[in-house]
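For clarity, chains are labelled A, B, C and D in written order, and residue numbers in each chain start from 1.
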Amino acid sequence: MAALLEVSNLHAAYGLTRVLHGISFVMQEGSITTLLGANGAGKTTTLRALCQMVKTEGEIRFCGARIDRRATEDIVRLRIAHVPDGRGTFVNLTTEENLRLGAYARKDKDRAGVDADLERIYDYFPRLKERRAQQAGTLSGGEQQMLAVSRALMLRPKLMLLDEPSFGLAPLIVKELFGILRTVNAKEKVSMLVVEQNAAMALELADHAYLIETGRVVLSGSADAIRRDDNVRRSYLGY
Amino acid sequence: MSRRQIILLAVLLLAACALPLLVSDYRVFQFNLVLVYAIALMGLNVLTGYNGQISLGHGAFYAIGAYCAAILMDKAGLPYWATLPVAAFVCLVAGFLFGLPALRLEGLYLALATFALGVSLPSLLKYHHLEKWTGGVQGIVIAKPDPPFGLPINADQWLYYFTLLVTVIMFVIAWNLLRGRVGRALVAIRDNHVATEAMGVNNAIYKSLAFGVSAMYTGVAGALGAIAVQYVAPDSFGIFLSLTFLIGIVIGGLASIPGAIYGALFIQFVPNVADEISKAAPWAIFGIFLLGFVYLMPMGIAGAVRMALARLQRRAQNRQRST
Amino acid sequence: MKLVPIAALLAAALASPAALAQKKYDPGADDKEIRIGNTNPYSGPASAYGTIGKAIGAYFKMVNDQGGINGRKVVWVSYDDGYSPPKTVEMARKLVEQDQVLILFQTLGTPSNTAIHKYMNMKKVPQLHVATGATKWNDPKNFPWTMGWQPNYQTEGRIYAQHILATNPKAKIGILYQNDDYGKDYLKGMRDGLGDKVGMIVKEVSYEVTDPTVDSQIVQLQASGADTFFNITTPKFAAQAIRKAYDIGWKPTHYVNNVSASIGSVLKPAGLEKAVGLISTQYLKDPLDDQWKDDDSIKAWKAFMAKYYPDGNLADASNVYGYTVAQTLHQVLKQAGDNLTRANVMKQAAAMKGWRTETMLPGIRINTDAGDFAPIESVQLIRFDGKEWKRFGQIMGR
Amino acid sequence: MEALLHQVLAGLATGGIYASLALALVMIYQATHLVNFAQGELAMFATYFAWTLINAGVPYWPAFFATVAFAFVLGVVIERVVIRPVENAPVLAVVVVFIALLVILNSVTGWIYSYTIKTFPSPFPTGGVFGTKLLSPHELGAIGVTLVVLVLLYLFFRFTPLGLAMRAAAQNPDSARLVGIRVGWMLALGWGLAAAIGAVAGMMVAPIVFLDPNMMGGILLYAFAAALVGGVDNPWGAVLGGFMVGVLENVLGAFVIGNELKLAVALALIIGVLVVKPSGFFGKVFVTRV
């Protein structure tokens, strides 16, 4: 496996507030990697930094090429799909329009191809198909989360950045969603970088994990190893 | 207030008092208008700057204040100074009443409602059933007050001092109001009205109150303006006056008390400069000035001054630290 | 041998007090120049009139090139007031107190001039030949420092009323007027002129300058059954009204006021064929009227425009107006000679006997005296035949 | 009764004018969530461009389309050059930039072309239609053109990927960026489209009100009202709003309150409606669940 994403010494700030203080990590192609950490540790900022939605310093390499000076729109064109915090639904558009937008940055967006992808995604999430003509703003929270993931999938991404995919969802729905993510990872070879508050679930999904505290990586290892770490268990897993 | 600020203010006030003795009467008149505009802008700033309700029609309240003064002086023979409280009260009520329905309107819709008020007020002033009082399209000519107590100054200088006194009073009141609980509530409503509602702040009362107080300030300014110009007519209060006020608070600096003064200086003097530069297209030059100011100081002159002061302070501190 | 220079010296010594006695100046005038102040709307919604100020400025440039007035250059100081009375006050004060002009000339607009009326008279600075047709400028008793120039709106309104009474005493009159001082002055003139026959007016409708069109008003007038239409508008609305009336098939006897009788800026845009039969009054020659094509004064005006105001619009009658009114001031200042006091300028302006310049219609003259501060009081009735304004009847007024 | 019909027809004709400019306002609102005060002056300026072409001998329709293209480019350039620098400034600063644009365009046009009114040709025949002389062929044609523009816009936004991207960018710029939409360019395109629609409006309005630099001044307020009555996010609503305002104003002026106060009363009514129904007659209300 080659390194898909290499981040070294990444700094980021919102205005005068520094959030990331030199984060470094590596992500392998095909893996599901998770960033763990408490509220405010800088997980969301890390994902935003990868897409250049905040000002950064330091180096980010994707497939070996530097992307830390490129515009968000161009990074998306490298097939990095971001499922943002708060889902980023286009509330006034229909479900299907939301999904079609997901394919916007694809170079091969012939109508037939996009339509086929839509069907594929409706197979994963039949509920979205039922609601395809409905205003996306009227979908339930769980449905909107599925929509966000689906929209990302429409890019046929190499890498998906998932920001708190379980946030505010009923446990059953989270289970369903994570199941699908696993399938996608296995079947479609989509690498995933997942940020989660719910560390237990994240570690179940991921094969590799980094622990972030106040803008720095403090621990890394395979998901299993991390899960067994006493500190992590006490602070994040709660048993 | 720090000691430095108090000293600065005292110096400024002294300069303002000395001004009429140093410059020509025509300049005194101009600075008189600057003071008038400063009060008007302070009013608009309460509403738009502090409370976030956009008004594109504040010229209407300025006009109401002006007509109050003119009608009372011309028809009822009231002395000029006695018209100010009346103008203030009338505009307070008018603003409060207009603010009630405006409560239901947000953003653009409020902008339209106020814009509509600004556009239609001149035609109301011309309305033939009101002509008896307003003088219709001819307007009302009023006399300039003479200095009282045999003061050895001329009418322009006296009026300037009178206006200065009113300005200082109005600004002190505004300053007390805005830095306290009321000011914080206004800003909080502007920034997040859902949260303030949850915190038990009565948004509705504060918002209509902001409208009323804002209209009151602008109305007092209108009355003072009418006394200075000695004439009111519907043509004096077109929609461009309202837009000029908006320009004033944005260029001066939103939600800033000194901003009102900077803005007043801008709207008084920059159009004259534009006219000096080009007779052919004075508005074009004015527009370019506007663009220049917004580009260079997006937070207004007050914002730029604040930033410059902060930088100076930081530099001074650094120097202290290094020595 | 020495006698000659001594004699010369003596002569000079004797002559100079006399010469000094003749040369009298107020602020704004000296041996070299005469400073004339003005306000005009160069910006804002009334900026169409700004061309008058520019034409006057161009005229005095020409005068200066030709040696000035009695050897003095005219300095034209004109400021933008955006048609806002408070700004006019400010600018008038700047002109009088800071720029030290001798007089204010052709300040434009009824509200603007009303705003400075008192001030100018208190300061005793002439407010000469103001660019508005309100009646109040002719009040030498109370306002001896203010004088109008053009025929006043009320008189003109009365002339149309007289014409209607004389030609069609059974007329049913519909009136469209601009809802401001200008429209209301005409309306008053018409009503006064009709006297006890004021009932002939079957409908009066107004419009605001901010209205996009007057279509609705024209439809209202047609519905009222009026057969005579008095159109008191400014050029754009006049053109709209003429066209709309024609288009909806309303064919009243159509009177349009002098301000909107320009071929170039009203009749042409409305469509010349739609303007046939229009009745109006004039006191100046219309530069686009065929009958003046070879007229010397219009040719001279065109040459002036080409050389001194090339940006100016040749179809705009306002430029003839500016040129003519500037000639009037030229005459006043010439008459004033070396006595360039403000009082003498007013005195000379009030002592024009039968003076005319060729851009005025034949028969129009300026007459003023100490009790009559209304320079042009006569107008010529005219009717449009599709190409030219045909003069008919005699000169009306004084 | 007949008089009423006449006023309604005249109202529809002027309503068509309001509708066409309202459409441009809605357009730019959809793209930028701002109401552009300079929209009317942009339209006026573009119409002068058309006038210049036609006077130089270019036939009407080529001049028409050249003007639409010119206005589009002008809109894009203005967004890139003038609006860009204040992207992150407070909303009111942007409003001041709009006012600056308004006065600059107005003044420069007056300077170049003078303030005398000019006739602007109509592409439609003269004479009456449907046996009535109250609605001229041009007025009818102008309404038709407005409706065609409306349908084209609808098709563009509803069925093209670019239209979809523009809607997305206006609604949620952050998310739009995350699906790869170049939001900055979408704004510029929005400006371009709005200016192009404005140019069409200008060319349809000018034959009715005559071309002069202040041509759009009075219309802007009505268009603004029309856009809001119809719901500022809804082009169909804007057009209907335009007709409503036109008819309402005429009927009120002719039969109820007289011409003097018709504007004031019409506006008061509109505001009354907005107080009761704050999103306009046809505006959508979104309930977003979180």
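For the reader, a short list of remarks on this structure follows.
Methods note: a contact is a pair of C-beta atoms (placed from the backbone, for glycine too) under 8 Å apart; a residue touches a chain by one contact, two chains touch by 3 or more.
Computed from a predicted model, the values in this text were never measured in an experiment.
Steps from chain A to chain D, taking the shortest chain of touch contacts, total 1.
Touching chain A and chain B at once are the following chains: D. The central chain here, found by comparing per-chain C-alpha centres with the mean of all protein C-alpha atoms, is D.
Chain C and chain D have centres, each the mean of its CA atoms, that are 38 Å apart. Chain B and chain D, compared by their mean Cα positions, are separated by 32 Å. Between the CA-based centres of chain A and chain C the separation comes to 76 Å, rounded to the whole angstrom. Across the assembly, chain B contributes residues 119, 123, 126, 280-283, 286 that each touch 2 or more other chains. Within chain C, contacts with two or more other chains are made by residues 43, 45, 179, 208, 210, 311. Contact with two or more other chains is made by no residue of chain A.
The chain pairs satisfying the stated touch condition come to A-D, B-C, B-D, C-D.
Across the complex, chain C is touched by residues 2-3, 6-7, 10-11, 13-14, 17-18, 103, 107, 110-111, 114-119, 133-134, 136, 205, 208-210, 212-214, 217-219, 221-222, 249-250, 253-254, 258-260, 263 of chain D.
Looking at the complex, you find that chain C touches chain B at residues 42-45, 53-54, 57, 78-80, 82-87, 89-90, 93-94, 96-98, 109-112, 114-115, 117-119, 179-181, 184, 208, 210, 311.
Listing the residues of chain C that touch chain D in their complex gives 43, 45, 47-48, 50-51, 179, 205-213, 215-217, 219-220, 223, 235-236, 239-240, 247-249, 264-265, 268-269, 311-313, 315-316. For chain B in complex with chain C, the residues that touch the partner chain are 24-27, 29-30, 33, 119, 123, 126, 136-139, 141, 225, 229-231, 233-236, 238, 240-241, 271-272, 275, 279-283, 286.
By the touch criterion stated above, chain D contacts chain B in their complex at residues 29, 35, 82, 85-86, 88-90, 92-93, 95-97, 99-104, 106-108, 110-111, 221, 224-225, 228, 232, 260-261, 263-264, 267-268, 270-272, 274-275, 278.
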